[in-house]
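Single-structure report; data block below.
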Amino acid sequence: MDNLEKSNVSEENKVPETLDVVNPYDQAYIESIPTVMWDDIDKYLSTAHQLYKDCNQWIPAFERVSILKKTAVLISERADELAFLIANEGGKPLVDARVEVTRAIDGVELCAKEIAKLTGTQIPMDLTQAGAGRIAFTTKEPIGVVVAVSAFNHPLNLIVHQVAPAIAAGCPVLVKPARDTPLSCKAFVDILHEAGLPPQWCRFVACDIPTSEKMITDPRVAFFSFIGSAKIGWMLRSKLAPGTRCALEHGGVAPVIIEKSADIEAMIPSLLKGGFYHSGQVCVSVQRIYAPKNKAKAIAQLLADGAAKLVVGNAIDEKTECGPLIRPKEVDRVEEWVDEALAAGAILVTGGKRLGESTYAPTVLLEPPVDAKVSTMEIFGPVVCVYGYDDINDAIDQANSLDYAFQASVFTKNLDVATKAIRELDATAVMVNDHTAFRVDWMPFAGRKQSGYNTGGIAYTMHDMSQDKMAVIKL
Amino acid sequence: MDNLEKSNVSEENKVPETLDVVNPYDQAYIESIPTVMWDDIDKYLSTAHQLYKDCNQWIPAFERVSILKKTAVLISERADELAFLIANEGGKPLVDARVEVTRAIDGVELCAKEIAKLTGTQIPMDLTQAGAGRIAFTTKEPIGVVVAVSAFNHPLNLIVHQVAPAIAAGCPVLVKPARDTPLSCKAFVDILHEAGLPPQWCRFVACDIPTSEKMITDPRVAFFSFIGSAKIGWMLRSKLAPGTRCALEHGGVAPVIIEKSADIEAMIPSLLKGGFYHSGQVCVSVQRIYAPKNKAKAIAQLLADGAAKLVVGNAIDEKTECGPLIRPKEVDRVEEWVDEALAAGAILVTGGKRLGESTYAPTVLLEPPVDAKVSTMEIFGPVVCVYGYDDINDAIDQANSLDYAFQASVFTKNLDVATKAIRELDATAVMVNDHTAFRVDWMPFAGRKQSGYNTGGIAYTMHDMSQDKMAVIKL
Amino acid sequence: MDNLEKSNVSEENKVPETLDVVNPYDQAYIESIPTVMWDDIDKYLSTAHQLYKDCNQWIPAFERVSILKKTAVLISERADELAFLIANEGGKPLVDARVEVTRAIDGVELCAKEIAKLTGTQIPMDLTQAGAGRIAFTTKEPIGVVVAVSAFNHPLNLIVHQVAPAIAAGCPVLVKPARDTPLSCKAFVDILHEAGLPPQWCRFVACDIPTSEKMITDPRVAFFSFIGSAKIGWMLRSKLAPGTRCALEHGGVAPVIIEKSADIEAMIPSLLKGGFYHSGQVCVSVQRIYAPKNKAKAIAQLLADGAAKLVVGNAIDEKTECGPLIRPKEVDRVEEWVDEALAAGAILVTGGKRLGESTYAPTVLLEPPVDAKVSTMEIFGPVVCVYGYDDINDAIDQANSLDYAFQASVFTKNLDVATKAIRELDATAVMVNDHTAFRVDWMPFAGRKQSGYNTGGIAYTMHDMSQDKMAVIKL
Amino acid sequence: MDNLEKSNVSEENKVPETLDVVNPYDQAYIESIPTVMWDDIDKYLSTAHQLYKDCNQWIPAFERVSILKKTAVLISERADELAFLIANEGGKPLVDARVEVTRAIDGVELCAKEIAKLTGTQIPMDLTQAGAGRIAFTTKEPIGVVVAVSAFNHPLNLIVHQVAPAIAAGCPVLVKPARDTPLSCKAFVDILHEAGLPPQWCRFVACDIPTSEKMITDPRVAFFSFIGSAKIGWMLRSKLAPGTRCALEHGGVAPVIIEKSADIEAMIPSLLKGGFYHSGQVCVSVQRIYAPKNKAKAIAQLLADGAAKLVVGNAIDEKTECGPLIRPKEVDRVEEWVDEALAAGAILVTGGKRLGESTYAPTVLLEPPVDAKVSTMEIFGPVVCVYGYDDINDAIDQANSLDYAFQASVFTKNLDVATKAIRELDATAVMVNDHTAFRVDWMPFAGRKQSGYNTGGIAYTMHDMSQDKMAVIKL
């Protein structure tokens, strides 16, 4: 998801002690924040580990509920400034940044609610004679120290999804923000503390990559939560200390299948939203659209017409609909991938060019080769590809052909096609008559195969950060 | 759990093409079986992967139910020969081997039952306006190709716990048995096929360690199920292909806390069973017993009295209560650890000596040093340690002090002590007035911290081997 | 459902002490069985109540499992004779009677399985400060003495659905069969006893109606399970003793909506099955079919063509597809209702006449008045009505217009119509492209509004027959 | 629970058209409110029924959530005036009335939360061949029009427990308050409307008893929720229209068993709270205490010492600990019952006399006869009975001997006694080392046997007010 980090791990293992945060559109300086050095992280981990080991120091549920409710109120009160921060440091258009803040509030409230659902079960023991004469039940306990490493594309809400569940589940947590968007994260951690969370239960740790890796792989870490690129995620899993659990949320190359009965008029706004929201910098962004061969061109054109009208600009301008990519280097990359596709025979329907140092025009490609980068790797930029198909089975096969699988969608009016797509698409979620980026925060949200590990969504994350303890009492 | 493999990974990376299976008591030759070479495994993986990718080839639930029910019947019919096999190749006394077969039957039936519980949930979407106007529900799908690698100590039942859930969940599976006990595994796989499972859905792959590692880390593997030593397990996790999930079941150094109100008479048979069953070769074997200082010696003596009466011998003899360790080298290791403890001040209450090439006397040690190997590492042999304590809080701290945590127990008549132990012991299961090795097959069974990853128990494993797919239909 | 009892309660409150069971086709004598007098029932209730009150006398789960598994085996072994009995005393064609036996076996096995799911839950108590410092969990207990009163149309399987869950849940049970089909019930109770159930845990009580009512309304009864007519069911509820719970399963007037996109060819066999299975003597029998106005006649004709080919005869003849109605008086009633509809303008497409004393020709009516008995009351005979509609909303309104609501169905290829029907049809189950009588035994099966109370289906019934007990331990 | 209504049904079937609300301590006039006549109720029912029948008019979940959250905020803002109202019209001491308001707020918030849990389940259909080839899932729908009839003893919180779940579940609701405490109810309904609930979705209907009965038994009512006396409740059930479901919450005669190991000092404050809170006008009030024979007198004396210190007075005085009974006639009744017990040999340890027209002294009786009214019927007044026992089994038998069963408790330090009591006490909840009146609003709260029907507790009530709809789509 976080392509910048994806491409740069090796070269930038030395971040300066101060992190300069800039507006990604014009690189305007926003603020500098100090990075945290290993010695401090070591202390944080040590304190967190000690807190966790003594269950009598755990924060009771009613206090966790109270802290999270207070947190939601504080975010509400600062909604405007947080939305501006998201737009300013993250390049997400203000209108969308405001929605992100609303979702963050909902997410924190959801965490407070779900605490009541961290329940165990009673287990009947007399199902065999060997087990008879016992009472048994399970309870949920926090899993231990959580380290969360986040991505830039939802600078506030991803943090909420990674940190608030840890607090809700009763785990001490250290959170490393994306390098480009630390300010929203810091604001959230500050709010948690202001809401009554003792500071040692949640630490903000902007740090360089080697330090980050040292933290992630420390044996005191019980759970590692990562949102970012698949390559980094799986690499980090391989380095985790024995005993450390993890959840990884990576990206996909989301496929959409349009069946012949679909209502084309109705779907275009949905696909535009799904493809160009946040300039495509979303892990479930619409990237590959399969349409009946005789309709593919027309559909591509309708999308292109819509895409061409999108206002590209600085995210902090009210009228901006598509902001910059997170770094100029990302624009280079997208440019290169599109050019590669065009050179290999793709038809450019709209866009296809850089608009400035930090922006790329919303782009629609028709029939790029199936082995082009734009067809096989996550673009994470404002580029949508349209492919024609003869037989819907081929389209499904194509949709399923990559090592990545996240959300997918089908547009159809036909019941049989809908149920076929639901059954046959290899995806964690199949949207019928909606774009692939649809999400509500209480639904499971996960990547399959290499697209992720374990399940996101507030309640699901809280369960991942909890563990069962069984009590068996012999009568 | 599988200490042999634990200590020998590096040196024995070349298993001969034929595996000679022997009785571990007297090394009497039983049978030779061919190992499977990589080329065949590669084909198995390829076929399994293809089967899985086409959901129209999946085995419908009613057929899976039918195959598993038939399997249970076939095992019942061959219960005697399977029990003998377990005793003969695995060194588990016949009486216990018969119980293992019964549990295996129950386990397979449980798999058949639990298929009905692989259900998804409907998800209300109108909890926010953004989600309104949609119907959504999840279903369970098989996760993909499973590779199971097993341990020697329950040669049939562990295989049942790893393979039958895969079949039940609808996953193709390749299973590698422990090197010492492949025959029970092979018998089970043959029975599955005889019960109607197409051979390509379950492959028996006795192979050498490098080949095994190649198989485990192959990207076509969706799920890796491992029962064995923690060291090997976590090492293998670090080598898994991106996208491969896993479950690990390792061992512990199970603690028992005896509180002053406990009924000592009543607990001795339970502790003897928990400590010396299968000569302690169980991952939740009673190893560390904490007793009030003024009772520790007496308790150790009562245990010693019982231990001294246990009949040690060849597992296939009806009268044997403790069989051999799985390999002579294991006896060497146990001998060395006990000698180390004695040299460091432990008091020998009974046992403490080798009885033959393959057997070690049931042993009770009093007050071995807390940093001795017998106090900190899994013995996987017939050795129980007793420690005195002044304050029960110290006992709990000691019990919780290792990087391993699995099942624990407390003996008490006092309600407050029972609930305190349930809350404070760091364990996946706290037994009250029962030994740590208590288990029924429908309960969750898992190691915490470095003792394991994910949860065992039939239903839990089936859920690990399944994944959710959500359908969201826009109205 | 049981129309005979429906119409005859008042007049036949004196059943002779011996019940003569006959074949409903030709009234051939089968067997006489004695009815049970109140004194015996009083003793049964008293014993059952005493058994229940002492929880130390309850049958442990593993024994209940074992008894039920044995029961399933015994039914399997006697499948042929039971199927013949069902056909002979109940008039259900042999081929269908055999399916009923298979379902009975599955049902008993399902009961055995579901025992493992009678679990409680742990409840977190520290969600407020007032609740903190406590451990709490619930368990399931049997609810007490069950009295089951059954219907004739599935003489074995309904008994299984009412009695086996009681045994599974741990409740003593008294069962009164339908007057016309006591032999299958008696056979089942005998099998339960043979399988090891102590006789006092399940009593067969064929009795007259006043005695039955005395039993049902006795204060020692904790749960009353009734399958039969709505009129009787709700009347009995009103007479239950304070504290007695109940489940009622009555009939409906099942509606089917055919939308214009539906595949007519494909649906005819399904509708014939749904409408004429067991001569329509099923509580979810297809009764009202709403079709687009321009297709209604053609659809009615296709149904008529199929209906006319059905072989009507004695259920014990292999070739019979439609057997007799349960009593000649029922044929009178159906005759009268159809005649009334015809007189009021309905078009007769096929059938419409009595074939003998006990049989009525499979009948299709077109456009009977909406207020005719055939349009508003449960026919429980081989009569299907077809109505044309202009607007699907009207069809849905008609479908929803009665005080009865059970299963409904829609035939369509259109996704929007399918989801609309799912949302708007007032039914416990909406079948898409299937007839209303579809059922599997693990799904919830229930009447809404006046069609029933509580939910049928093995697991659901077991839960109704269980109650929660919570334990709250203050730390 | 509502003893007044209990005793007066027959005589006061004509309530004047205006209801005069008074302070029960001194009968000081508070306010008059008009009663609602049948014609209006008929219109309310008709509108509610129409609203319900058209699912397109249902209030979407996000609006229900929003209305309930707003409701909670409004209650918070008016907490003081509501607490005063509760004390003034209901006679509950201010300090307790404030707690009731807090619980009401929590209850409304809980309803808002639990909406997210009104989920159905996906049901696998291919468990048999007959079901294969289908997708099925259930959803939750509101059950229809709810009529709630409430009791006086928690004038706000009971209304919350009956009305807010109906709104949350999506049901239109008519609520009849207790005759003595309509003002809190009216305030709550007004707040709901102010929070955005359209008035036709919730109607306040203070009415006389015949009108109330007409409303309750109307066939348009889908669900009847009743809190009050068992006698009235079960009588009303017998009169419900066919198809109407119900939940009844009555009282008990709550037993406490003190075992010899119990910490007597520690339990006295708990028992005083459980016995004299709201002058015992609570359905789970501590009424029968069984103590070891040699400790019974001492325990009774300790309770008496505490009881004698309780400040009895007008509930609106800050210092009052025990308020009046709801009506002078109730004091007459309590007086009579205690006198009867004393005449039959009970020993008076404290209290035993009327303090004024509306108050009765907190009373402790030792060894009243087991068949006295105070031992067998719900006192609903400030009277606690202590009985000595020789054998704990006898105490349990006594505790279980009535037709009523609700919450029970045991005081012990002994683990075996605790588990024995949990198993053997016939109660919906067994409190260990806590009084019987302990409750948190998310736990199940229910009467067994004649003490109630269905389960209270927010989430449970919401489920009772919902019904499942299954969709089965044939592929």
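For reference, chains read A, B, C and D in written order, and residue numbers begin at 1 within each chain.
Convention: contacts are C-beta pairs under 8 Å (C-beta built on N, C-alpha and C of every residue); 3 or more make two chains touch, one makes a residue touch a chain.
Going by UniProt, the chains are A, B, C, D = Aldehyde dehydrogenase family protein.
None of the values given here were measured: they were computed from a predicted structure.
Listed by label, the chains touching subunit A and subunit B alike are C, D.
Inter-chain centre distance (subunit C to subunit D, centres taken as mean C-alpha positions): 36 Å.
Centre to centre, using the average C-alpha position, subunit A and subunit C are separated by 50 Å.
Multi-chain contact residues of subunit A (touching two or more other chains) are listed as 116, 123, 127-128, 131, 135, 138, 415-416, 418, 422-423, 432-433, 442, 473. Taken as a contact graph, with one node per protein chain and an edge wherever two chains touch, the assembly is complete, since every chain touches every other chain. Across the complex, subunit C is touched by residues 53, 55-56, 106, 123, 125, 127-128, 130-131, 134, 136, 138, 219, 222, 230-231, 233-234, 237-240, 242-243, 245, 400, 403, 418, 422-424, 426-434, 438, 440, 442-444, 446, 448-450, 453, 455, 467-474 of subunit D. Across the complex, subunit B is touched by residues 113, 116-117, 135, 415-416, 419-420, 422-423, 442, 473, 475 of subunit C. Taken in their complex, subunit A has these residues touching subunit C: 60-62, 65, 115-116, 118-124, 126-129, 131-132, 135, 137-140, 412-416, 418, 432-433.
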